[in-house]
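Here the chain labels run A, B and C in written order, and each chain numbers its own residues starting at 1.
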């Protein structure tokens, strides 16, 4: 009993001593990944990596709102789509891509700020369905008003550099995860956690729920918009409606939950797992990966809320630590 | 624009509204009694449509007759889903229950939708019978037999449900459980059985709507989300407390969509419902027709 | 008839009942008195199956009931009239009563039982078609008791039947409870109104802060100093001991 208490104390105080380990590893990993295109020239591999990085950003951005702040939004595709649309339009009109991307992210953020205040008046399931309805309404409007497809001008197609796309996606993934890490270390995250667990109790202790929700929403939307912009950058033939498809929202949900909602590494593991399984199965059974992930998702929601991250943690600490319930 | 065009569009709006209504009542039943939000409701509808399609294509069974098979089949499927999945969600409390049921049923949509794609491909399927084009013509408005049958069947179904809930013992037990499950349990009502039965009924109504949809619109694996949203819109407009009230509201939605399509433009028909939905959510969450 | 042994109940991490034990013998009227928040309602709810105990047993006629489903408990004849009436407001008086006879055993005899209920509560017969939500508090309490009776209880539990009711109505309700007991139904009653309850009771338990702190015959407790001061409104005299346990 005494020994168990000691071990628990050790576990909870251990991380600060290893404070430089994870960032150090991350930098090393980033450097390694940055070197990949120098040695690997195969398009399919680079495309795969691109997808993983994109999905990491997609999932992590959603995780910041749903995982850290507990607001399960089903409107993520709207922000992704706005970022994609803005970036594509500006970029194909001659603006430098970096600027177009940034403005895409900002467009999504502004949209979020505008709809944020009224939307957050809704609670729980109403909020979730409301965001879904909003995103769908936007998608239908876009599909009716925007041209069906935009193709890159020929010189751009010829000069299409996959490595550039790779680096942009990698940079975004690093930025998104890095921001999430900083957010977790900030005081804001405590407020968000309080709002996530019990909004009324949080308010009673002086935490302003709306402020924390909006901040999470803003950051989440910014990176969702950037992710959309990166997606638009990668597409040769770009279909505006596709970027607003609810599957972007659902994919973000899947990888965050299965990976581990509310954790830093969850969306990363989830995205990796998802893309790899998808690629593996895509040859034989086109959409089977969705069925697998659907089942995994249900299992996570019902039985194993911590997802893969928790499974990994449990495996490492298996025998002696008593499991403390949520 | 002639009066005939307006009337024509309106009538067709009512026809589709009756399907909205049936789908919505099914979802409202589950939500009202189990307090669970099943966003895979649209997928159940879709499966009902496929059952009809295959019965027609493989065995030549008339789609309206196939209701005798699709309804019980989806009822049984609903029982299975409750037993395997939703039973674990109903034990939770209030908000967590709704949120988790939403998530779980979302996972279910992925499974169902993609299973159908695997089995039957993503192609759209429709059912065309020999009498599909025929109909009456009243005052310049075309009234196809198929659409009229759909409306009649929908009305009969809703009326039957009403009688079941109001006059049978089990129906009253369902209403009692919806109102106060603890009191119902204390009175000796087996809540587990009521939930099981109700979920099956909700699925059966979805399946029925699916059959009707396959005759009028055609089915494809991806139609689930759109129909779930429609049902949700209707439920919120009608007020989450009313179950059968969802049917007339479904008709209203169909009519509203038709009218806005006629006057604003066909492109924005779908958006009208969603915008209305959001407005009601923000301004009057208890619904347009809920009692104060 | 009913035996509760070392019952421990908690809501999450908050422990509400501590090793509670009590007996109810067939044909008795047993009463639980005690202050608000003492855990009396929790105890009844746990016996009825709404709450699962952390540990301890509950047996009805020597068969354990603390792990079986609620409708099975009702089938075995243990029925709770919950705190606050909890009627199905949107349904009529008659429908509320009928729903009390859901179990097979009760459903068979429901017509006779209904007649009995209307004998006990003639007022309800007049208003059988009225929506339950529109009844007065006293009438609702009658419907609640009637609904429980429709289930043919062998042991009837009542949680604060006098709550919010006028004194005259309370007397009526208690008279009905006495009648029910005379017909052979065992009664376990939780009451705030200690005097009326102890008058009615054969035996009583005192529940304070989740524990049984005393028990005895109704008349005994009426005379007990602690009970008189804590629950019957008597002022302490100098030199008097006011604790029930040393």
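A few remarks follow.
The criterion applied here is as follows: contacts are C-beta pairs under 8 Å (C-beta built on N, C-alpha and C of every residue); 3 or more make two chains touch, one makes a residue touch a chain.
Bear in mind the structure is a predicted one, so any value in this text is a computation, not a measurement.
Taking the mean of all protein Cα atoms as the centre, the chain whose own Cα mean lies nearest is B. When each chain is reduced to the average of its Cα atoms, C sits farthest from chain A. For the pair chain B and chain C, the distance between C-alpha centroids works out to 43 Å. Mean C-alpha positions place chain A and chain C at a centre distance of 54 Å. Distance between chain centres (mean CA atoms), chain A to chain B: 33 Å.
Remark: chain B residues 169, 172-173, 175-176, 179-180, 182-192 touch chain C in the complex. Those residues of chain A whose C-beta lies close enough to touch chain B in the complex are 72, 118, 121-126, 128-130, 132-134, 136-137, 140-141, 144-145, 246, 250, 253-254, 257, 285-288, 290-291, 293-295, 297-298, 301-302. Listed in rising order, the residues of chain C touching chain B in the complex are 48-50, 69-71, 74-75, 79-80, 82, 86-91, 95, 98-103, 106-107, 147-148, 151.
Chain contact summary for the complex, chain B toward chain A: residues 37, 85, 88-89, 95, 98-100, 102-104, 106-111, 113-115, 117-118, 225, 229, 232-233, 236, 267-268, 270-271, 274-275, 277-278, 281-282, 285.
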